[in-house]
Amino acid sequence: MKKVYPDAKAALAGLLKDGMLICAGGFGLCGIPETLIQAIRDSGVKNLTIVSNNAGVDGAGLGLLLESRQIKKMISSYVGENKLFAQQFLAGELEIEFNPQGTLAERIRAGGAGIPAFFTRTGAGTLIAEGKESREFDGESYIMERGIVADLSIVHAWKGDTEGNLVYRKTARNFNPMMATASKSTVAEVENLVEPGQINPDHIITAGVFVKRMIHVPNAVKHIEQRTVRKRVIA
Amino acid sequence: MPWTREQMADRAAQELRDGFYVNLGIGIPTLVSNYIPNGMSVQLQSENGMLGFGPFPYEGDEDPDLINAGKQTVTEIPTTSYFSSADSFAMIRGGHIDIALLGAMQVAENGDLANWMIPGKMVKGMGGAMDLVAGVKKVVVIMEHSAKNEAKLLKRCTLPLTGAGVVDMVITDLGVFTIDRKGGGGMTLVEVDPDTSLDEIKSKTEANYRVALKNR
Amino acid sequence: MPWTREQMADRAAQELRDGFYVNLGIGIPTLVSNYIPNGMSVQLQSENGMLGFGPFPYEGDEDPDLINAGKQTVTEIPTTSYFSSADSFAMIRGGHIDIALLGAMQVAENGDLANWMIPGKMVKGMGGAMDLVAGVKKVVVIMEHSAKNEAKLLKRCTLPLTGAGVVDMVITDLGVFTIDRKGGGGMTLVEVDPDTSLDEIKSKTEANYRVALKNR
Amino acid sequence: MKKVYPDAKAALAGLLKDGMLICAGGFGLCGIPETLIQAIRDSGVKNLTIVSNNAGVDGAGLGLLLESRQIKKMISSYVGENKLFAQQFLAGELEIEFNPQGTLAERIRAGGAGIPAFFTRTGAGTLIAEGKESREFDGESYIMERGIVADLSIVHAWKGDTEGNLVYRKTARNFNPMMATASKSTVAEVENLVEPGQINPDHIITAGVFVKRMIHVPNAVKHIEQRTVRKRVIA
């Protein structure tokens, strides 16, 4: 059972179809599966619904799929970084379903965990509650949210062994672990590919069972959206 | 003179306690980290999956894998831990974060908060704000008292809500209000900028509120 | 001669496929790991929070922090990962485990399974069995065909259920049955121990079933 | 804000009261907070309801609190290892609420995550569903289960820093991480106590925010319930 594929195109072969639902890891441009996104763009697959906290920026991340107009709908919590998004949305070419960030994360986690629905206080009494079941528990109001199960998940990891066990680095973890669980077809790109046994099993974040295919991206390009720094003080 | 942004941040920092876990929103709340009293240890949470972070990195030390919820590069400190977004919001929703400081467009006297959308304008999204105000133990809003002569402290919010009955305290450039959002005791003005009259505050505030100034 | 425990385990192992993630219950299912075909790679899951485990440790190498769901000392292998019980059952409930092999007291022709309590007797608890049968993609029961001349393959279970409509296949010492639990197509006898007659099976089976023997 | 206490008695001071609900980590005798359990026994607190996957064995783990008759009710998935349990139960001195193991784990995780209720397929159509709301989602039957929030959680970790960041070792992790989140008063015992910065922050399983107090148990006794071994073959 070989999980490692030679490149992103090969790893996605047979997994893409028009109109599908894709979970894409990352927060902003941090920890996004950029190589897999590029291969999805190159495939030409259309009418995608993409679950991702953000929609990339112009020219990077999911922004690539906006440019090529392959996205029909985004399920996100914040899309403020992307001018093209605003244009396509205002032109009626793009749908958006806003989810509170924690609700989005939990819906994905629930989908992967076989939980079809859960209750949360988040959004009770707001627009987000419209059309959703509300219920009181112990005197507080909650709304029911549904789990998300996707046709395909694409994630980015810092290191992975050939069994599909993954570890993430710093805040590049973000949405990747849940998204890895939320579909029956999860493809992971890893910056460092190692043999089984090379990662301490107590440190593994995503167990290999969740990863169907993987590629090695040793030279992954990483973007910084907001470069905030201190001046060095020369003593 | 009304309080400056720095003075508002300084006042907000007085709501912190030793050992607190704190989530700071963007804007003035970010400045609060500069006013944490000496000897007090607080851990800053970033909802993208980090607890315990330090200042911006030195030039050249930026790490694309190390950002805060505003997508800004930050630094690790000895107490830092990383976790997934699901675990991060489990922490927030489960009431494990002691205090959230955030900005607002409108706050109502019952604690309703609006800070994420203006109908008719392009909506960017609520990000983690709805989860924070619903889950964090104490929610403190830091904002200008009014905008373009329009009151922001209202009887009822006119903008779509971020959370219903969620705000515990509002710090503006003119004063400090507490809101008894759970007990239904309404809004109370508890501190005033020394250069601002009670009449001026009244004229700039649509919300009903009692006045019970604390000696400071 | 009816099939031995080892033969039943060997037959069960034929349901495994390369790359499968597998949960083995206690009793005969444990033996299945001895019959995994050469060259086939399967990972064994233990619901207390371990994926990929090896045989019992050598004497003296036992580690109290390294046990399976039967509380037996086991060993780590290169593919091993550890996780919490919540993550373990998220894996199970979410349908990520390919097959579960477990014992049973009773199985009904609609796929109902009873294996956790006998009314009037001290109940020890269901452990993870209810989660496994509800969540794992394919559920295979391995059990004696009948107990003390009482049928175990029934029209309806008389004992409290572990799961309703959950069993896909039953391997007994006399034969192999498939159950179309989702399609409602009932139970089918697909293989028979060569030394056992169809009449004998009929006499020991209360459940209705079709006979459609496969050439093997 | 000092989290480290000199011993278990000190760490539990002020946190115990008769009739309280306690979440106790561990699976069987693996990863149980034995030192804290002993201190609870010594405190004499009574009428406890304890959430724990198992009830210890005679003479170890929660078996200690059964001997001293401090437990009124167990919420567990399996109690088969404990003879005293059976005696007390059959004598009507002890209540038991059986939860499927995964449902138990998820109820605790939900409690810690601010989720008052969720739906699961586990137990649908069985005795476990009685008295619970049932509902169909996409043609399948599910039952609603409630989150658990305890008055106190006690957990055992392999290593912890003084900030309360914890890591667990191998299968001693089990129920400990969720239980650490499921109360406002979590007390952890750690085999190795280190300074902040000594644990790689990517490896931390329980963030310090969840741990209110901790003790160092460098000589923790560990039990093996089923010693299963292979003979060494001398070549």
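Letters A, B, C and D name the chains as they come in the text, with residue numbers starting at 1 for each one.
Here, contacts are C-beta pairs under 8 Å (C-beta built on N, C-alpha and C of every residue); 3 or more make two chains touch, one makes a residue touch a chain.
Everything numeric here is computed off the predicted structure, so don't read it as measured data.
*Asks:* Looking at B-D and A-B, which one has the bigger number of contacting C-beta pairs?
*Replies:* A-B
*Asks:* Can you work out the whole-Å distance between the CA centroids of chain A and chain C?
*Replies:* Those two chain centres are 35 Å apart.
*Asks:* Could you put a whole-Å number on the gap between the CA centroids of chain A and chain B?
*Replies:* 28
*Asks:* Counting in whole Å, what is the centre-to-centre distance of chain A and chain D, each centre being its mean C-alpha position?
*Replies:* Result: the chain centres lie 32 Å from each other.
*Asks:* Specify, in ascending order, the residues of chain A that touch 2 or more different other chains.
*Replies:* 106, 109, 113-115, 120-121, 168-170, 173, 201-202, in rising order.
*Asks:* For chain B, write out the residues touching at least two other chains, lowest number first.
*Replies:* If we look for residues of chain B contacting two or more partner chains, we find 76, 82-83, 89-90, 92-93, 135.
*Asks:* Using the contact rule from the top, write out all pairs of chains that touch.
*Replies:* Chain pairs that touch: A-B, A-C, A-D, B-D, C-D.
*Asks:* Residues of chain B touching chain D in their complex?
*Replies:* Those residues of chain B that touch chain D are 18-19, 21, 41, 43, 45, 51-52, 76-83, 87, 89-97, 135.
*Asks:* Note which residues of chain A are touching chain C in the complex, please.
*Replies:* Residues of chain A touching chain C: 1, 109, 111-115, 161, 163, 165, 181, 184, 195-197, 201-202, 204, 207-210.
*Asks:* Under the definition above, what is the set of chain B residues touching chain A in their complex?
*Replies:* The contact residues of chain B facing chain A are 46-50, 55-68, 70-74, 76, 82-86, 88-90, 92-93, 112, 122-131, 134-135, 160-165.
*Asks:* Write out the stretch or stretches of chain D touching chain A in their complex.
*Replies:* Residues of chain D touching chain A: 106, 110, 113-121, 137-138, 140, 142, 146, 167-170, 173, 200-203.
*Asks:* Can you check the complex and tell me which residues of chain A touch chain B?
*Replies:* The contact residues of chain A facing chain B are 27-31, 53, 76-81, 86, 89-90, 96, 98, 100-103, 105-106, 108-109, 120-128, 141, 158, 168-178, 205, 222-232.
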